[in-house]
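Chain IDs A, B, C and D follow the sequence of writing; residue 1 opens each chain.
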Amino acid sequence: MLELDQHPSGRHFLQIPGPSPVPDRILRAMSLPTIDHRGPEFGELGLKVLGGIRKIFQTQHPVIIYPASGTGAWEAALSNTLSPGDSVLMFETGHFATLWKQMALRLGLEPEFLSLPASQSWRHGVQPQLIEARLQEDREHRIKAVCVVHNETSTGVTSDISAVRRAIDAADHPALLLVDTISGLASADYRHDEWGVDVSVSGSQKGLMLPPGISFNALSPKAIEASQRSTMPRGFWAWDEILTANANGYWPYTPNTNLLYGLGEALDMLLGEGLEQVFARHERWGEGVRRAVNAWGLEIQCQEPALYSPVLTGVVTPEGIDADEVRRTIYDRFDLSLGTGLGKAKGRMFRIGHLGDCNDLTLIATLGGCEAGLKLCGVELFGSGMQAALDFFADNPAPGTPAARKLAADDPTGQPQADAARA
Amino acid sequence: MLELDQHPSGRHFLQIPGPSPVPDRILRAMSLPTIDHRGPEFGELGLKVLGGIRKIFQTQHPVIIYPASGTGAWEAALSNTLSPGDSVLMFETGHFATLWKQMALRLGLEPEFLSLPASQSWRHGVQPQLIEARLQEDREHRIKAVCVVHNETSTGVTSDISAVRRAIDAADHPALLLVDTISGLASADYRHDEWGVDVSVSGSQKGLMLPPGISFNALSPKAIEASQRSTMPRGFWAWDEILTANANGYWPYTPNTNLLYGLGEALDMLLGEGLEQVFARHERWGEGVRRAVNAWGLEIQCQEPALYSPVLTGVVTPEGIDADEVRRTIYDRFDLSLGTGLGKAKGRMFRIGHLGDCNDLTLIATLGGCEAGLKLCGVELFGSGMQAALDFFADNPAPGTPAARKLAADDPTGQPQADAARA
Amino acid sequence: MLELDQHPSGRHFLQIPGPSPVPDRILRAMSLPTIDHRGPEFGELGLKVLGGIRKIFQTQHPVIIYPASGTGAWEAALSNTLSPGDSVLMFETGHFATLWKQMALRLGLEPEFLSLPASQSWRHGVQPQLIEARLQEDREHRIKAVCVVHNETSTGVTSDISAVRRAIDAADHPALLLVDTISGLASADYRHDEWGVDVSVSGSQKGLMLPPGISFNALSPKAIEASQRSTMPRGFWAWDEILTANANGYWPYTPNTNLLYGLGEALDMLLGEGLEQVFARHERWGEGVRRAVNAWGLEIQCQEPALYSPVLTGVVTPEGIDADEVRRTIYDRFDLSLGTGLGKAKGRMFRIGHLGDCNDLTLIATLGGCEAGLKLCGVELFGSGMQAALDFFADNPAPGTPAARKLAADDPTGQPQADAARA
Amino acid sequence: MLELDQHPSGRHFLQIPGPSPVPDRILRAMSLPTIDHRGPEFGELGLKVLGGIRKIFQTQHPVIIYPASGTGAWEAALSNTLSPGDSVLMFETGHFATLWKQMALRLGLEPEFLSLPASQSWRHGVQPQLIEARLQEDREHRIKAVCVVHNETSTGVTSDISAVRRAIDAADHPALLLVDTISGLASADYRHDEWGVDVSVSGSQKGLMLPPGISFNALSPKAIEASQRSTMPRGFWAWDEILTANANGYWPYTPNTNLLYGLGEALDMLLGEGLEQVFARHERWGEGVRRAVNAWGLEIQCQEPALYSPVLTGVVTPEGIDADEVRRTIYDRFDLSLGTGLGKAKGRMFRIGHLGDCNDLTLIATLGGCEAGLKLCGVELFGSGMQAALDFFADNPAPGTPAARKLAADDPTGQPQADAARA
């Protein structure tokens, strides 16, 4: 048996923004025996997960489930809807937006990459007005798709997708809207249909709390139509055969049996709790973590409070402090993994994930590890972030819990403080 | 928790030719907690599995591990080495060869599909002399690759790949040799380097005894060179970035963490047992099952004894008997899944898998279920196949076991009967 | 991680009469995290299992659950109801009856051990008329308890407990009736209340399909009354404190948390299937196995067809054949464990368990292993037992399955053959 | 599948002083398939665990492993060595000492219970001078055994067992020394042989990190001798048959198979880490937790710093604050279980376990939950205990870790602070 943690005792704290900590309940489901992917039980499982995942995307339309990790679903979104040489408009929210652009290049597309000036770059969301302006200019409709990242995992900024839709509509432009919500789905509110998204791309290892290995394309009728005209060569990613086979709960090729067991369990957990509750849970955790960063006197990477991510928080280390050295110290001393700074942010920030199998005390432990590690690396902190978060969690019971109901009953006019803080 | 078996008691017998029954030891390894795919423990795991899988392919060259199921690795082999419009020579061994050809078409290649006449089709292996003849004709070297299936899962025929290599060499043709050994690897002998294969394609859910979700491309230097010239658009499948990241045990995108745990365990099991032993084990099982089919008086789909598959056996049902009705009866009555007839063989045969977490008695149970189910469906059998197989297993201890050593000591001149029977 | 099976591949066949093969579903439940045995969730679990286990014993009265293996529950039954020097009447059905008698001696009781003559000993059930006669003689009521074994695991004889009750009543004797149904419960029909049993003793590792470690005392009001007068020193086994704590689902000392999770799951499985069905399932398996023994031309240890055990079958080996040598051969060659001959039966018989996580094909495999092993040890068999069992299973679908319902609909007057064979 | 935690997300924090949180590695080992307890693999397992457990008790003599929970091992120690009516000298360290005394009464022994005056009771360890004085008086040697608790789980006081041995020797008294180290073993230093203990009693669910269900008696030659003369009736607990069967790794009755798998894994973990390291780990955690309690300005139940338990810390709540109300609040709001005040301490204290599958951040989380819960219940705290513990953990790396080695290299004269604080 593998040794996956070189610390002597206790459970590893995996607080990176994905892969997120997987609930035991899901690991246990994944260990059920593999079955015949053409047998009767499999068809039932297939229909169950295909139905459930639509609710997660908040869509009435089909969702494709790939037996492949998230990067594959990026390729699938592009290769099913576009043709070699097509122009696509993308927006540089951070590292993952950049990687998606590189993939578009590899596939022979012509991406145009909108960015903010260097001083603001990677610290804001998608700018709908820039998109609208660019589409207005595109009188000949050479741009075939607008591609944006919903929750930019490298920065902790959650863009307003509905505003992007309005920008496209305002420009009266026929471009498809393709959205990467790999790290947003099932943690942050996401509405495929209501927001008019044509292809939503996601993966299993974030809000769905599964190990990596499954990814998704949620489709619109317009996207399906586009796929019938697109000429990009595609086999594995092609929607058509999958859609046909999915009608009965099967796949045209061998699906990811045991990860689908995990998906079935994740759907039971998330839909059982209710999406509203799930989103509120992550919002509250995000607020607690940001209070900690503020108490330390450190900067949050995201500079738009309205776009703070409920999934992760990017913490900027002071000048002269190597964020990866901080991460290494914390890992060695406290058995806690944090997300590294990616691309342009390398060494300048670390990322705290607040998603997956997690609760208030997991985050207190995480913030404690960060606080001690920062000090050990010579960072002077203004105050205790761990304490600030604990106070926030104590004063604001998780929505939907008995304590929250009691508090609401005591003070029926009271605004939940988390929302107040954000507003 | 899912209910994956609608029978009241006991363990399901999964005797399809893949996904194969997964040993508990592997399911247990897969349930270890997900870790940071950029952390130190992950790098160690990565190097371990990348090294081990080379031994399984019997190669000194790199093996790509994809977080995607086997069909993806087919696409990867084609898209990394070829360019749109390239001619490829394929051979119709059965359903999977046909599907691979269809994928080549979808990717914009020009497959040429060699076949035997209808009367012999799907019951023989790749015909090297036909390949040699076709390559001889191709003076201009328009054919860029020869693509064949090693172990055709739809028929139970294991082709002689070394002979295909010799045919290409005899024609003095520069075409690449691409081989699908999805269901052959780690059950049937397979030698990537010795047989001069350029890209070997495989998957996790057969001889490696894992759930589906991982697939492989084993490369030759010539294949890597070809990939630098090929112009097929590719992102997810592109070898270059993966090879770079693999040097330290990492991947350019999120790998399939928990399935890789399972792969690590599978490698320990298979290499611990020794590949020789593993191959002999499957050969012996295959012989036992074929003796059963012979005893029943039914036909084996494969008509070339030298190419009988050690992985699965296709059983042809008598005229007028719907093989799927037989399978359904067996499933309902005996909690046993068998492989369906695919494509042209639909309804005319069923397939017995003898791979994965299996032993002599598992196969006796399987043959018992088949025997009873055939009778219940009105098939008259000559004799008891179950009995024939049991006698064979009893008379021929598994190689490498104490009983086999004892028998060999008693009769040092004796040939193992399994080999004799095959010869 | 331990290596618990030294065979190279596949699952071990554990066909001893307990510990029985544990369903994965139960192993998985046992791996849930340990919780506070004084916390709120534990109380719910406690009430659930205390309620469910009553249904299994078919009683309205309390059942004590001990965090100890079955031998402890024997001691508990004696030490709670009796006082040092008390006479108890026991019956020598086999090895386990003998061990219980030895325990009575150790505890300072005076057991009287009724037996049949040596030629018939261990091959019949409890003889109610002998018990009645002995109790008739006991005018002074010096005998305080009658202790019998329901399903004698060493022989495969299931005694008629209801007849023992009638014998005691016919003698108009106040002795308590204590019954060991360790290996009978949840496989063979057992009715604590209807049969007027005062203490029923059982364990987890047989029909309940759990690992060893939990045991039971089902009580009658008369037994509880007796416990208030009995003077045997007792601490751990004392009912009084346990009954008090159980009222809220707790225990006076630390209970067997994770095995209780398994018990909860087992109750869901057994009560979900329905006890009628569970009993019929085991009856049918027993009949199939006995047909095999008959076909081999070997003797069944139990000589009273009406008392054939539905849980296990004792197979007598021919003169000159060491049954343990047969067992060893079968274990080595076929990865199959059978029960050894115990006590007086050492070397003269082996025992086939047909209980736990099992189905028709598991038993066909088991009988195949026995058949081949017997032959390898030089036993000449009349015919194929494996074949006889398979024919029986094929002709007689398991009760409650669709096939059985169909057969019944086709021939509404037909008696199930299994019953016919037994009658 | 059971729902064992009614909180919506994340892992429960089980910080009671046992059952301790079980490492996944052990839960996974327990889920291996049940095997034949008379088969060859079982004998190997038996010898392994019987050998390993001796190292844990630091003894050369036999250790009995019971398939029963800890209370049973108390009874076993008394019933194997003593006879009805024997006097035993016991010391009231707290609730568990009291329960053991009650068991002695139930078994017909005559316990004499030494106590400190009420004002000091339950806040100190065993007083060796009181024991010595009492034994001096006992000229006729009517006292047959001295029974003391090593680590009193109800108070968090770890008595000096070596001093008790010296007291018995000083009185030149032949009484046996029986010690309950149920919650001490494998967390606190414990030396069966060196300290001259005759019977050490322990259980699985504390330092051994297993679920409840296994318990131990470690023996001395003198204890074995005594067992040959003792007349207490005993069956299940009797050492003689177990010692005989253990010689080959077996048990006279069905052992606790799957919990023994867990024990094997626990032994690998603890002996692999090294007992020295294991003890130092718990000492350091204890010191961190006590610093937290001091920082809060609350009282520690144990009033003798030299006897602070490394396993748990009892925290006294201020007058007027119901400790169970605090515990309930913490449980409801923070998914954290703490130990209740037992017996005389009911409502006046709660207990924090620092044992089992645990690390620095787990304890920071625990202290955070306590801190917030105390405040929510209206307790005014002097300062942040969570912060004090974090500072201590940061300044004092765990012994044996790279950070500790580095610190030691930097300051070779430096005393570890933990020891300094305790001295």
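The criterion applied here is as follows: a contact is a pair of C-beta atoms (placed from the backbone, for glycine too) under 8 Å apart; a residue touches a chain by one contact, two chains touch by 3 or more.
Bear in mind that the values here come from a model prediction, so they are computed numbers and not experimental data.
Annotation of chain B and chain D: jointly contacted by A, C, touch as defined at the top.
Copies chain B and chain C of the same sequence differ in orientation by 180 degrees, per CA superposition (steps of 5).
Note on chain placement: the centre of chain A and the centre of chain D lie 45 Å apart, centres being C-alpha means. Centre-to-centre separation of chain C and chain D, using mean CA positions: 37 Å.
The set of chain D residues that touch two or more partner chains comprises 1, 11, 24, 28, 31-33. Chain A contributes residues 1, 7-11, 13, 24-25, 28, 273, 277, 281, 332-336, 357-362, 364-366, 368-369, 371-372, 375-376, 384, 386-387, 390-391, 393-394, 397-398, 400-403 to its touches with chain D in the complex.
The residues of chain C lying in touch with chain D in their complex are 1-6, 11-12, 14, 16, 18-22, 27-41, 45, 66-72, 74-75, 79, 84, 103, 106-108, 203, 205, 211-213, 232-236, 238, 253-259, 261, 264-265, 331, 337, 340. Residues 1, 24, 28, 31-33 of chain C are the ones that touch chain A when the two sit in their complex.
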